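Chains here go by letter, A, B, C and D, matching the order in which they are written, and residues are numbered from 1 within each.
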Amino acid sequence: MTTTAPLRIDLNADLGEGFGVWRLGDDDALLGLVTSANVACGFHAGDPVTMRRVCAGAVAAGVAIGAQVSYRDLVGFGRRFIDVAADELTADVLYQLAALDGIARTAGAGVRYVKPHGALYNAVVGHERQAWAVVDAVVAYDRSLPVLGLPGSALLRLAAAEGLTAVAEGFADRGYTAAGTLVPRSEPGALVTDEAAVVERAVRMATEGLVVAVDGTRVGVPVSSICLHGDSPGAVGLARAVWAALQAAGVDVVPFVR
Amino acid sequence: MTTTAPLRIDLNADLGEGFGVWRLGDDDALLGLVTSANVACGFHAGDPVTMRRVCAGAVAAGVAIGAQVSYRDLVGFGRRFIDVAADELTADVLYQLAALDGIARTAGAGVRYVKPHGALYNAVVGHERQAWAVVDAVVAYDRSLPVLGLPGSALLRLAAAEGLTAVAEGFADRGYTAAGTLVPRSEPGALVTDEAAVVERAVRMATEGLVVAVDGTRVGVPVSSICLHGDSPGAVGLARAVWAALQAAGVDVVPFVR
Amino acid sequence: MTTTAPLRIDLNADLGEGFGVWRLGDDDALLGLVTSANVACGFHAGDPVTMRRVCAGAVAAGVAIGAQVSYRDLVGFGRRFIDVAADELTADVLYQLAALDGIARTAGAGVRYVKPHGALYNAVVGHERQAWAVVDAVVAYDRSLPVLGLPGSALLRLAAAEGLTAVAEGFADRGYTAAGTLVPRSEPGALVTDEAAVVERAVRMATEGLVVAVDGTRVGVPVSSICLHGDSPGAVGLARAVWAALQAAGVDVVPFVR
Amino acid sequence: MTTTAPLRIDLNADLGEGFGVWRLGDDDALLGLVTSANVACGFHAGDPVTMRRVCAGAVAAGVAIGAQVSYRDLVGFGRRFIDVAADELTADVLYQLAALDGIARTAGAGVRYVKPHGALYNAVVGHERQAWAVVDAVVAYDRSLPVLGLPGSALLRLAAAEGLTAVAEGFADRGYTAAGTLVPRSEPGALVTDEAAVVERAVRMATEGLVVAVDGTRVGVPVSSICLHGDSPGAVGLARAVWAALQAAGVDVVPFVR
């Protein structure tokens, strides 16, 4: 039997993560490589001028704009867990989502999905109350917006239960356990640093839906998007290599949102 | 000749000007008296939880929600002029407007108008560059949104020139010059503190479109809305007296937006 | 044998917890009743103008100034746990302590002790890493500064282990278990709301070093200070009643610092 | 006649101007070249962890630490004029100065001077009220601290009038008028971009106390310090060239504070 449906994958990365005079990552280069841009909304990074600039760039490049919502923590870049009450978190997510959506619409395209950032991303893997709070914000704002997150997370499970579109993403530069979860950063094998290996894993995720776990097992990772990191040295080069390898493998690199 | 059109006036006040645990003014009481609520958007006051609560209250009370946009200055409550560049100010206004609009829509009604707050309100009376910046934000976001401001201000002039609806407001508790401008706060007669006088002036503005200036001249002040101050002691009592006197004078107290 | 040393107790309360235009609690009234003022340092509350005013008032009233250090969280008033890394927390505490100390010295008296606020206060009861981080800041800044906290907390234990003066405080309006710990707020008996009961418990703590636990047991609570809450309705009245009852019982109400 | 006193000059630059994850300039390289570090204090840049790191580096390198005080404006990097009231500005400067001084002392050396940053630096050239506010803060905190600023500024004049040490600095990369003032940035000749020219001007300022103005006139600029900019591309290379040329010219590059 031959494959009738073309292979396709989305590439997402964090963009617009500067603040005022401070810059982080190479937004312009990444806009030429990714198909979905997780745009910072002002709570962990992203002043309004930067948000406008990145949205304009994304629209020009045909990149889907996602709201990268976060705890309110500029000095900690949203990387520190905050024990926010559910109603506060829902309101915070709603505020960020609405602000970016309005700005994105003035650039020609609204927000197309929501992805939590940093410590909030990690929290909603298992923290049911905070996961609900994020889902509640999306439900209140626009039920048609997909939520992008970790496979198996409370966030995706609760989003689906509420009737939202839950989209799973993979990490080509992270180690996986035989159970298909990420190897914790504190353990050996958590990070894949060899560029060729990362590229190979990205292609395999996109073409076979598989990853080789730390114990050598082949594990299914049915993801619609692969997350590229944009703020490390060599990030753009790696993104370019992943993009090229996917093209060469006959994979359509397109936004997961229609 | 008899008046065929019914007399009507809008009453507006600043609401939602707390932040976190801190409160300012009596939002609940004012929502029963005003017809337009200038809701703080997070830059001078107004955290997301407060914004949601005030928007829900406004919708329940049939009060129009306006975006009370400001300089980014929590510690100064937006009362200090900041020499913000035009593109930054436009982006800041857009961000605030979009955030509140999104929150207001989840409460059942979107933002209906825009009114600058504090030092920005004063700046755009004469500061053309900043006035343009505010107008640009409204034009980019939604041309159908009226701008509320001081009669004779650069803001209203430029808004009208851009095709926006420019709405003038009056102050029953401020002194006016014979030219129809406000007496500067540093000069005698700037404030009208006698409650009966304030009430009488509000009724006259609404019924005759007039105010008695500090020199005794009767001056035309063709305003569609009267601004009530909500954060001073006795503010609610005064608002209630103005509201009752307008009712007694046969004036419909209704939102200026349709 | 008769008691030769006079009975003495310190009363402490949180002061200077406004921010900009926003006020919280009645600083002036409390300065006439307490002997130690936990002054907010700008991270959960307390702008520099307020800090100067409260320090001047404390010096005039002979009240000892303590640094009420907090997580950086204005919108959450420092009441939400933040998973701050140790080096960041140490630096944050050092920054706040130094800022208040400098301001206090210009008012005529430096900071005399350190007390964590809100969620940080609760965290350092059991969170060893954060407790160490606070202790490290005090050690780095000035080893002669006492640390005020909950009896049995990691904070006081580690402070003492480092050679700092660890000072225990009691709560006349909180329920205690038979083990001498506070009844969690989620359980019955957590709060003592009857004013007469609170006053009686304060006197007993000061004169006998005892409190009656929720199960009726008499428990020793050897505290040098009693914490009064300043931001609730009736707070000042209760503080006044406690103060008067202590005087009547022959207890010297004096700062715990010399 | 022979010169009996050795030629000496101070080189100062802004350091510690990152915030959280964001970095700006190459602090480590500059610490090997300058003799005075204007360290950001948290209001326009500079989180507490960064402040500690820079202070430790400055102490290790024998570089004098100055408090680079600013308007409270992270998003604007302190580059926007804010119409702050005098008492607020005094308190803001005091807070920043005290915070940095405390941190610096834990690193082994306290703050040795005060220099306003950005828009505040420019404001206090002519804005008497704000200049007084800065001077008042230094007077309140420590009369022995010099104030570093622009020759001819209100700041230096008022500081001297109050008995403070007023220290003038020059800019080797800025054009001067025949009157010895800086050519406004909006006019031709405001910036000297040729590296060799900048180096030559720095040496001439240090050895002859002269600069060649835009009209060719030789103007006296009696400065004790030359300001190097650290955040532009090539900044470190230029700083190194200036430092080397001064050494070659027999000028001692030493802190202006003793």
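The working rule: contacts are C-beta pairs under 8 Å (C-beta built on N, C-alpha and C of every residue); 3 or more make two chains touch, one makes a residue touch a chain.
All figures in this text were calculated on a predicted structure; none of them were measured in a lab.
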item: Chain pair among A-C, C-D or B-C whose interface repeats that of B-D, sharing over half of the contact pairs by residue number; value: A-C
item: Pair joined by the larger number of C-beta contacts - A-B, A-D; value: A-B
item: Where chain A and chain D are represented by their mean Cα positions, the distance between them in whole Å; value: 42
item: Euclidean distance of C-alpha centroids - chain A vs chain B, Å; value: 41
item: Where chain C touches two or more other chains at once, by residue number; value: 47, 75-76, 88
item: Parts of chain A lying in touch with chain D, wherever the complex brings them together; value: 18-24, 47, 74-77
item: Contact footprint of chain D on chain B as seen in their complex; value: 72-73, 75-76, 80-85, 88, 119
item: Residue ranges of chain A in contact with chain B within the complex; value: 42, 47-49, 51-52, 87-88, 91-92, 94-103, 105-106, 140-141
